[in-house]
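Next, two complexes with subunit A in common: one pairs it with subunit B, the other with subunit C.
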Partner chain A sequence: MSVATQTLANRWSGLRAWLARAWQPFRPVPLLGWLAAILIAVIIERAVGTPVARALGMSKVPALFGFIIMLKNPGLVFSALLYVLLIYLLPIALVTRLSVRAANQIAGKLIGYSVTLSSLAHLSVLYAALFLWSGESDYRQLVAKLAMIAIITTLSLNVVNGYMGEFSCSHPGFMALGAYGASVLTVTLFVDDNLLGQALLPPALGPFMFPITLIIGGAVAAVGALVVAIPSFRTRGDYLAIISLAFMFIVKSLFENLEVFGGPRGLANQPNYASLTTIFLWTIACIWVINNFVRSTMGKALNAVRDGEMAADAMTVNTRRTKMTAFLFAAFWAGVAGGLLAHVIRYINPDTFGIRKLAEVLAMVYLGGLNAVAGSIVGAVGFVVMSEALRPLEILKWIMIPVLLILLMIFRPTGLIAFKEFEPEKFLRPKVESNDQASSPPKTAGDRQQG
Partner chain B sequence: MALLQVDNMTHYFGGLRAVHNYSLQIEPGELRGLIGPNGAGKTTIFNLITGRYTPTEGEIRLDGTSLIGLKPYEIASLGLGRTFQNLRLWRHMTVLEHVKMAHYSKLSYGLSGAFFSTQKRREQEQDTAEEALRLLKRVGADQHADQVVTNLPYGAQRRVELARALAIEPKVLFLDEPTAGMNPEELRQIMEIIRSIHADFGFAIFLIEHRMRFVMELCEIIQTLDFGEVIAEGTPDEIRNDERVIDAYLGKDIEI
Partner chain C sequence: MHFFFQQLANALQLGSFYALIALGYSLVYGVLMLFNFAHGDIFMVGAFIGFFVATAILALGIFEIFVLPTWLMLALVLLLTIVIAMILNAFVGMTVERIGYRPLRQAPRASAAITGLMIGIILETGNLWLLGAERLSFPELIQTSTITIGGVNLTNKKIFIVLLSIALMLALHLFIRRSKWGRAMRAMAYDFVVVPLMGVSINRIALLTFALGSALAAVAGIFFGIAYPVLDPYMGIRLGWKAFVAAILGGRGSILGAALAGFLLGFIEIFTAAIFPSTMRDLIAFGIILIILTFRPHGFFGEPYSAQLRL
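Now for the complex of A and B:
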């Protein structure tokens, strides 16, 4: 028994050492290098992807890195892996290695000029790669859109459940308010609909008004949040969890009984305004604003309230206002995410925003990690891609995902990236080869309790 | 009128009378102590004055402003700083962030600044960071500025808490057992720090303490509390020889 565990441990450390050695050549690659390499890999795929896939015996380009093909037809595992290796891994490895110096120089120049310019440059490369990648098929585009909407939802819930340390269950309710708010506006104003009547404004105006309708949807969600916040923030503890869960069900049954908005049959005919670009811009805006907020002293006040409300009070922090603001702010973004979702799927019904949505959002938050913007991004994208990739397993998927979550809870109870500040400036900086500092950052005291 | 004036304050927890007819006058720059056996109501008095509880009866005034009914954060913003008996530090925050947090009420960049990272916000965050570092240097904890507090030794955590309380620019500083759990070396250091910040900043200090030697050396006037009532008030020498104080601590009619 002990021998077996020892060899396992040996093997594990051997694997880790091997991985570290394999990673060594890529350590000086800056983010810009990675993004450029991904862009080039995607261009290669668009150019020669189909012939390569055919030559390897697949009918078309694997949609999600070969996962779906592997699960659907285990005979093609080898071809799918080879495809991923040829189209993605090899080009990325080659380009990053070859462009190290150039990428570092360009990144250095950009950051030297201004942080804004550098971020914009990085984001445009990222957007170009995403645009080309999702241009391959409608399915990919849908996955990309859902993943970005999931980022907004997860990040906003992390503000409450992570940064503020309360347990809120009402996010699907806020999404529903945002989704219905935005949908009712766009459908009434710009679409001839059986339910909501003739278009009141020329449809050509629609895409320009879309951001405003989203903001109104978010505001409706924030008003809903006020209803939850007023009674539940008088005390601490489990009250918010209970009240917010009740709120979610109230919102759901409200829309089930509102025949003007379609009742349980739902609301359809949303115009096709939520393009990849729109969602990308909203997602970036959301990450930027939320990251600004949680890094400011006003946002840090949330952590102070969570870790010691009495001390926060004594240090002049208006705790009640802090909690209310953050809760309404989170609800606003959930509403925006709901509005975007409604215009991606172009159909919503009250059932979309039920307990299953809640389970999904909570899973994404806790998978990614509490109190970390980067964690939420990773968690949201990881969960959406994972649940799409496992789709061929059908009913087994709903066994696999909980099993993966349980494993995560055992091996990384705080989530993938928890209690870490997300500093974009750090990623934008070039990595100089000589700067070989092996100092690991001080461990955040996530697992050490104060006495 | 005194800087901090408490008149005839009484407080009940349900049927239990925790504090009875308590009065206090603190003049600017004074160094005053509050002692008493366990459960005498010392921390309750701190919590009453700092707004954690509202007294059943009585009046509290800081610089002429009545504190009755104000929220703790409002009282703190008026210039009443405090530390806690059991170090209420925020376990995921760095030392610098702790001290910056105490500048909360002075930040004026508002929500738009917090969301969109305006110029004003960056300037104010920069200024508070510098100010916080200055205070940390003052208590000798600046070398830990970027560390998470839970990784620090106990004595350093105490200093961080002190720096945090200084950051609200108090007129009166309440210290709740500043030496609890300290070893003799740390004790000596904290005593020096308290003396020197008191001399430099010139605010009044009101402290609860269990270590008699510490209080007697540090304070000019000492109040003794027993069962929620002041049983003696005076200079260290007077307190040391007061019959009732000895009784409260050692019990009556002891035979050695």
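Now for the complex of A and C:
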């Protein structure tokens, strides 16, 4: 750790103490309370957002918490801040504080019935808040969709880069395979297209068949992943990174040469099947499946392969099967994310899945932190919101984002949340006021500090 | 046969760009065990520095006070451009090291790779922002003349580029093998835990490594400007990533390996473009690299992978 970091840490300790004091009253608020408060804030925004925004001198409701308005028109900084304070922060603070007892009781009852019921209740509140928030404008809806797709991509890359400890650069390739696989199917089957011909099936069937096409797209990506998985038996680390990089270039070049699928001009006309609900369900499914996967015996085997392949082998871990499973599994989810992305943007070309995409995906994983499901979620959402919020800077956006990421890497080289196990039960549990949650929770067996 | 030798000449020229860039990757990778993902863009910056230096020298007319034939004057301008651009780009490389990599010396390697990627994006975008999107054309510093040997057309540019590239690679090889600094670099590549204890400063060696690599990248940039006189901010990504693959293909830290792999990549690309449709170039080139790495995973001259991963 350099000297600069130390002095900065000292300077910030005062601020930290102040923040901790301000946080004190919100300690006993359970997750349910937060979600309910957010839902209420969003309802308030839908009800009185526009008049409040007008009264504060803005033409319409700020799309992304006022960031865009602040950057576009610095004169409106105060009204944007005031808006965020009035519509989001104050209601959330009030509701959480007032509903502490009720929220704790309800959360306790829910978790008393079953964890599944409790998670479903939390998710439905979250979904309601997200649905109402993104109902305000198409732009918000797009940001929400992109953020959720980014979560799937980041989680699947974290399986390989974090849990298995490789530096895989092939993810844009897997996404491309999934995107093309799913779009070719939907466009051939349900859309009249110049390139791929008349619709073969009635379009009304489309939305029901969409999950199947996504799964087929994921399977195509998984088959492609064999190209990277098989060399991984013999080599690791840097050379595997190059193999995966070569794979990415090969996939991109392959689609540039496949004139059947539009070649370099790309493939358009994807039907509008990827609604907010569909993507939300897929994202939840992905988080659930990947979280269970990494906490299973197979997930522990991944960590064992990362920390010492020979030792793992000696301890009866089948390293080949482990590596193969991890690559195919990650590629499947990357393919699903690619398929969803194709149906959100409704146009893909080989350039979509190039070096820039790779830089984005890697940045999201390392921003969030390796070996942590929660980290990936935070990293993906944080990166997407940041890159949308900085959009008014136009070209300077791509200077600001890298600078921010470099600073983050210098001051927090492992990312925001790294090497933490994600246990939904812990979040769903009610928090009692007497129970002090400030001390860090006991480390589970899977937690591993990087060394 | 004609066709073969004609393409061979083209392949040698393209290969020398790849080899010069690959050397920069290979040096950093060999000494610091680090992917310098920003190197492709350092090459791009080098080309632009070369462009500005050459234009400035021509505009100032430094050599016009002497009465010289045009070709000699242009040759002097070219030499001066190369020297100045090498020095300036070495400073660019050292700045990148100081800002992006030194603070992360103790961090996981992947974090440093991310900083490298981000610095690359900053360099590209910064260039786009400062100079706009229009392409610049490099001043003509060698007047083209064609020599025909046995029916094969060679331009003097090609001969100059290939010969000077090989000379620079040899110079680098000698520097690494014979000089004191080169010995320090090799020692660092061997073990960067113990060697700093012997009084070799890792920071100085890192700066030197980046300076050498960036200087070579500047030469590659100027040569690229001479051969294909159009510069744009994304040339670094187009060539750099391929050169990166070539560097690793050569084997960890192997100068000879990186140079050979660079030339090999040039050959594969030129000959696939000559035989198949040119859009298939990347597909076939990377396909061949994938096959080579599958059967020889540690590259041409690298030792089998044994080091403990520091991820």
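A few remarks follow.
As a working rule, the second predicted complex is superposed on the first by the 427 of 451 C-alpha atoms of A that agree within 3 Å, B and C clash if a C-alpha of one lies under 4 Å from a C-alpha of the other, contacts with A are read in each partner's own complex, and residues count from 1 in each chain.
One rule holds for everything that comes next: a contact is a pair of C-beta atoms (placed from the backbone, for glycine too) under 8 Å apart; a residue touches a chain by one contact, two chains touch by 3 or more.
Just so it is clear, the structure is predicted and the values come from calculations on it, not from any experiment.
When the two structures are aligned on the shared chain, A:419 is found in touch with subunit B, with no touch to subunit C.
In the superposition on chain A, A:313 makes contact with subunit B only, not with subunit C.
In the superposition on chain A, contact is made by A:297 with subunit B only, not with subunit C. In the superposition on chain A, the chain among subunit B and subunit C reaching more residues of subunit A is C.
In the superposed model, A:161 lies in contact with subunit C only, and not with subunit B.
By the touch criterion stated above, A:246 is placed in contact with subunit C alone, subunit B being left untouched. In the superposition on chain A, contact of A:238 is made with subunit C only, not with subunit B.
With both structures placed on the common chain, the touch criterion links A:284 to neither subunit B nor subunit C.
Across the superposed pair, subunit B and subunit C both touch subunit A at residues 306, 450. Here subunit B touches subunit A in the complex through residues 50-52, 71-73, 76-77, 81-82, 84, 87-93, 97, 100-107, 109, 111, 113-117, 121, 125, 128, 146-151, 164-165, 167-168, going by the rule given at the top. By the touch rule above, subunit A contacts subunit B in their complex via residues 289, 292-293, 296-301, 303-304, 306-308, 310-319, 325, 371, 419, 442-446, 448-450. On subunit A, the positions that touch subunit C within their shared complex are 1-2, 161, 165, 167, 227, 230-231, 234-239, 241-243, 245-247, 249-250, 252-254, 256-257, 264, 306, 355, 359, 362-363, 366, 370, 395-396, 398-399, 401-403, 405-406, 409-410, 413-414, 450. By the touch criterion given at the top, residues 29, 35, 99-100, 103-104, 106-115, 117-122, 124-126, 128-129, 237, 241, 244-245, 248-249, 252, 277, 279-283, 286-287, 289-290, 293-294, 297-299, 305, 307, 309, 311 of subunit C touch subunit A in their complex.
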